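Working notes, structure below.
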Amino acid sequence: MTALLEVKNLSRSFGGLVAVKDVNFTLEAGRITALIGPNGAGKTTCFNLVAGSLSPTSGQVFFEGRQIDSTPPEIVCRMGIARTFQIVRPMRDMSVLENAMVGAFSWTKSVKEAKSKAYESLESVGLAGKATARTDQLTLPDRKMLETAKALSTRPKLLLLDEVMAGLRPTEAAGVVRVLQTLAEGGLTILLVEHVMRIVMEVASNVVVLHHGAKIAEGSPAEVVADQKVLDSYLGAGFHA
Amino acid sequence: MQKRFDGGPEIKRWLAGAMVFIVLAFVGSSADPYFISLMTIVLLFTFLGQSWNLMLGIGGQLSIGHALFVGLGAYSVGVLYVKYGISPWIGLFLGMIIAGSVGAALAWLSFRFEVRGIYFALLTIAAAEFARIMFSGWEFVGAMQGLFFPAPTGAIEFSMLRGGARFYYFVALALAALGIIGTELISRSYLGYVWRAMRDDEPAARALGVRTFRHKILVISVSAAAAAAGGGVLGLVQGSIFPDSIMGMGLSVDVLIGPVVGGLGTTFGPLIGSLAAIPLNHLMSAIGDNLRIPGLNNIAYGIVLILVVWFLPDGIWPAIVRLCKAIQAPSRLWLPHLRKAEE
Amino acid sequence: MLSLWLNVLASGILLGLVYGLVALGLTIIFGVMRVVNFAHGEMVVFGVYIGYWAVRLWDAPIIVAAAIAAVVMFFFGYLLEALIVKRFVNRPHHYQFIVFIGLSLLFSGVLLVAFGPDPRPSASLLSFRTVSLGFVTLDLARLQAAITAGVLIALLGVYLRFSSLGRALRAAADNRLGGLVVGLNIPRVYAVTFGIGAACAGVAGALISPLFDAQPYLAVDFTLLAFVTVIVGGLGSFSGALLGGLVIGVAEAIAALMFTPSMKTALPYALLIIILIFRPRGFFGAKEI
């Protein structure tokens, strides 16, 4: 399998603070990969580096073989990478459907096509029934799913999800897991930044662990959870599996 | 910013709009000359307000120097017609191109370093003032003395866009109608969606593939071109063009007061707002002239702007729409299937 | 020839200090509250009228007029913020802009109604006196205005740095939420900030009243001048306001010498456009608005 995304020696500093240090990993097409690590590990920075909202201090990001670091977010999107935001950002004065349509305009100029793609995206996240609602009428889980639907409308090859489970109750999270699994079965590659370990275990086929900006482990969920370095990073040194 | 509700479903709105224009057309054929000239100004500022509304209400970009574009349009028509006898239609076209390019240039300058909207707003003021001062000293366009159109003979020369007061009333009406139709069409097109997304949340829009840089330039130059067209007609209607009036801050305020008061981002807002604000301005000026107290119209405009933004930030038109819906609501309680349809 | 240039330069620097004071008021308001006071020019003109009337009614020295302006404008600004501005602090930028445009229209309308549109030349005795310092001849009015402005700027700088209220202002400027969390009385901080900003404008107006005829139409020019100054120096920067003022003052003086008077009024706008093209953040500006 060829790598869809390749991150090579990626580093990013903010002034004196090194947020991401020499990180390497690849994403295979069609799999769900989780990026985890304790708070401050550099996950979101890494995420933003891939999505194009930040440029690396050094290192490269390759998508489908092309170098994309330092590319503006709208171009990155048009190349096939869509992302959600951790703090949900619905467009307030547009309806749910209209929100979901915006992404479609990255590949079509037809309002009709955008509408039908938007319905499709909303269907796949379970929001089709609320298409005409205003965004301020949505619950938090719904808003998270709207974020995902918006991203799906861009017809991405790679979907970046930033803490999509944060703030969700277990039943709500389970619903999201099902959505993600269906999407992955459909061929979408997903990179999740996540805190909730249980979700990671359920959903991801590959896990990358960051700590203090550097990658300390990578592997299947079972492997990672048994890894001493990972345990030390989350729980403090001296805790045994 | 404004909710996208201008009233009920599709057909009702087009019908209502058509009715409004039929009424206005009637007004044009009957009423007294002073009223006609007042309404001509109202309609022209409706159109100008539409152009400003497009830029801010839909595109999210604030300009406080719209007089620049209006003035460029007026001077294009004025110079070509008064100095060279060339038809104002050509002048309008040329004015739109010039203003559109200037707008695009200003937009490009402001946004290429990713500086925020406030810099663009200040740049528009600076550019307008700079242009005003330059035109005040430029002999070719008449400097401070301005440009004067020959007095209207009353005969209608359509190819030269000349005629009497009634003629210009209908020209203004046509422009206002064009403005409303144009705004609606843009709103429903892919541009409308993309621009509103850009307005509401630029980073999110970019993450969805919207090339906000070029769209900002586009919405600004379309708005500028439209303003120039309005400016050209305004010059013809007023019969004279002076840099201080056609490119001054006062005009920029006159342009924005309609949409702000009427309803930012809505299609009918600029019309309602101009209907409210322009006669008020004239009334206050007249009272001020009578009492020999200049400045009353400033105070009136100032108070109106503050009150509207404070209590009715969406503007008068959405408030009216809400009121109508509220009045209809009790009947909805009786008819549950109507309520379902609402949702 | 050299002496002419030195005179021009000196007079530009002197006026530049006053511009710096005006700009300081604007930049403090922006720095702390993230609000753009588009009615700043009107506040300067209020100060000019205060200066005019203080001289006309009581033959007061300009310094006294400036003191009156400081007190009156401080309370004016304080009340304005507490009653009106505060409702718009958290709203989107364009609402703020429009409210301030409304306020500026209101203020200039009031001035027009109260004092009429005709310019009123100051009756101050300072208006025409000059003093010679070596190679240069300086307007006494300008010299006095500049010294007073300079002293006030320095005092304000010290106050902001060392007093507890000053620290509160700087904290609020840096991080509003953090300030709230540590117990800063943000509404009061904002009201005081606005008061200080208005006072700066008013004092500057009073100081230059011997040099400019009092008239309501000056306001727009002052507002834009203040903006140009602030942007050249960098929005939100104290030293930037001062530096910007000097740059604008000198540039204006040189332009008046080299070009026609009408070009002189165009200069600040040309400068603004140039700065926005090449260095929008100004010399010391903050990275983000």
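The chains carry the letters A, B and C, assigned in the order they are written, with residues numbered from 1 in each.
Just so it is clear, a contact is a pair of C-beta atoms (placed from the backbone, for glycine too) under 8 Å apart; a residue touches a chain by one contact, two chains touch by 3 or more.
All of these numbers come straight from a predicted model, not from anything done at the bench.
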{"item": "Middle chain, criterion being Cα centroid separation", "value": "B"}
{"item": "Chain whose mean Cα position lies farthest from chain C", "value": "A"}
{"item": "Chain A and chain B, separation of their C-alpha mean positions in angstrom", "value": "43"}
{"item": "Chain B and chain C: spacing of chain centres that average the CA atoms, whole Å", "value": "33"}
{"item": "Centre-of-Cα separation between chain C and chain A, whole angstrom", "value": "49"}
{"item": "Overlap residues in chain B, where contacts from two or more other chains coincide", "value": "1"}
{"item": "Chain A residues within the chain B interface of the complex", "value": "51, 53, 72-74, 77-78, 82-83, 85, 89, 91-95, 98-99, 101-103, 105-111, 114, 132-134, 150-151, 153-154"}
{"item": "Touch list for chain C against partner chain B, complex", "value": "36, 84, 87-88, 91-95, 97-99, 101-113, 116-117, 216, 220, 224, 227-228, 231, 260, 262-263, 265-266, 268-270, 272-273, 276-277, 280-281, 288-289"}
{"item": "Chain A-touching residues of chain B, taken from the complex the two chains share", "value": "1-4, 188-190, 193-194, 196-197, 200-201, 203-212, 265, 343"}
{"item": "Residue numbers on chain B that touch chain C, as the complex places them", "value": "1, 56, 62, 64, 109-110, 113, 115-119, 121-123, 125-127, 129-130, 133-134, 136-137, 249, 253, 256, 260, 293-306, 309-310, 313"}
